[in-house]
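Read through the structures below before going on.
Note that chain A is present in both complexes that follow, paired respectively with chain B and with chain C.
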Partner chain A sequence: MTEVQEFQIGQMVNVKSVCTNKHHRVPFYLKGKIGKVTEYLGLVENPESAAYSKYNLDVYPLYRVCFKQTSLWGGEQNGEIYADLAGKWLFEVEV
Partner chain B sequence: MPTEHSHGHPTDPDIDAHALSEGQILEMALRELLIEKGVVTQPELNEQMNRTASQSASFGASVIARAWKDEEFKRILLNNPKAAITDLGYDVSQMPDLVIVENKSQIHNVVVCTLCSCYPRYMLGPPPEWYRSAAYRARIVRDPREVLLEFGLKLPPDIKIRVYDSTADLRYMVMPLCPQGAESMPIDKLAALVTRDSMIGVGTPRLL
Partner chain C sequence: MRDDRKSMIEPQSGGRLAHDLGGFLEHLLCHGIDVSISKEETLKQPYEERTDALLLLLSAAGRGLLNVHAMRRASEQFNHEDYLKLSYYDRWLRAMVALCIEEGIFSEEEWLVKRQQVKRQSEAIQRRKSD
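This part shows the complex of A and B:
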């Protein structure tokens, strides 16, 4: 697992569209969607282990990602949604 | 005086007049074990319960009001909320990390946790029931403008709405705009304008 910052501010990323029964913190409505990295938030404990009381096993880089309302739902709303997502759930996209 | 009571009196059941749930039994067993084994003491538990019960949005409101009056404090607060709050003399070292997002004339922020119900309790007290409801969590990300309207907050169409979904390790709250005409009020009067809802983002402070 990557333990360093792997995405840059301003970079466009895609959220992996993967289902898992593990305790992860990626809302379904963002899976498969494209957003822009707006901030690097440092390393945090991986909830997929911590949820089972396995602490300090692994950490992952956390990013704040901005999604346009229109890219999630279509329509014409000019709003944005920000969510904090783990690097392991993101991959780079060409724009 | 009649010797017999001729009518019945309906009585509501006492709030604890029901069988204990499995969760309650588990909690009691765990609590008693922790005390018996000396991991925690009953007074420590009582103190923590009192601390939790006494948290309220008035603390968050006082911090926001101070930021409105003091540009330097506001700068530090937005940059590193826990450090700014520590500087005020409060111990928040054990609390989750906090992000305060500032409303601007053209940007309105609102907070949700779609996955569960993450909420900065140490700033805002216990969350309102609706914050934890599936309806709020599902709809505020789908159609924020309409949901805000239902809260009585009508935003002009040119104001951009930013929804912060607290998905991970950070807690979010909103720094609302100081109402026009209130800037010269003293901090305690300003703090009274800062409602819990305005710090979640489903309301705005208004002059009383």
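This part shows the complex of A and C:
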């Protein structure tokens, strides 16, 4: 398996706004939000398929993404939230 | 009234599974769901240790019948009210039962029969103790 890093450090990304009742590793409050990639964490075991199979071999690329508190909850609070998200849940923001 | 409330908090209501509660507080409160956190120290109960042991056995490497990701998946399917009402180990237990039934280790009917049996036995023991 070749390692493909789809997003670059510093790049702005949008979290897919997909609702599913299958096991997935994206909290609702981040869906549809825009953040900045701060780190590429490499390939990790894909828990979204491991949750359905004890013989899971699938992996996915993981990114650390930084979100401004204000962009998630509104208001004027300072600070950021960092979330580790799979590439499959992100797409590039057109600048 | 109650049914109406239930339907509002089923998984998928507003696109959220049972565990996915970030920023959801007001919604839960306005449906009368208790979200308070008890600050009382709770005593460890024997069944909690057994629950832990059962999970270790079921998820043992090599012949593991379930894994932590599947456990999470199973508990996320509860409705919000059950998810918040159940204790930590009760969530584990319920998730393990769901996964064992899914894996065909026992059927739902066998589970219900066994549960009744154990319940009757423990009631009988309680009665003898109080006599």
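Annotations
Here is the rule we use: the second predicted complex is superposed on the first by the 88 of 95 C-alpha atoms of A that agree within 3 Å, B and C clash if a C-alpha of one lies under 4 Å from a C-alpha of the other, contacts with A are read in each partner's own complex, and residues count from 1 in each chain.
Just so it is clear, contacts are C-beta pairs under 8 Å (C-beta built on N, C-alpha and C of every residue); 3 or more make two chains touch, one makes a residue touch a chain.
All values derive from a computational prediction rather than experimental measurement.
After overlaying the two complexes on the shared chain, residue contacts for A:73 are found with chain B and with chain C alike.
In the overlay built on the shared chain, the residue A:54 is in contact with chain C alone; chain B does not reach it. By the touch criterion defined above, A:82 lies against chain B but remains apart from chain C after alignment on the C-alpha atoms of chain A.
Look at A:90: by the touch rule set out above, it reaches neither chain B nor chain C.
Greater residue coverage of chain A by touch, when chain B is weighed against chain C, goes to B. When the shared chain is aligned, chain B and chain C each come close enough to touch A:27. Contacts of A:15 after superposition on the shared chain: neither chain B nor chain C is touched. Of the two partner chains placed around the shared chain by superposition, neither chain B nor chain C is touched by A:37. Under the contact criterion defined above, the residues of chain A that touch both chain B in one complex and chain C in the other are 27, 29, 47, 72-73. By the touch rule above, chain A contacts chain B in their complex via residues 25-27, 29, 41, 44-45, 47, 62, 69, 72-73, 77-86. In the complex of the two chains, the chain C residues touching chain A come out as 11-12, 14-17, 20, 22-24, 64-67, 69-70, 72-73, 76-77.
Per the touch definition, chain B reaches chain A in the complex via residues 114-115, 141-145, 157, 160-170.
Chain A makes touch with chain C in their complex at residues 19, 21-23, 27-29, 31, 47-48, 50-52, 54, 72-73.
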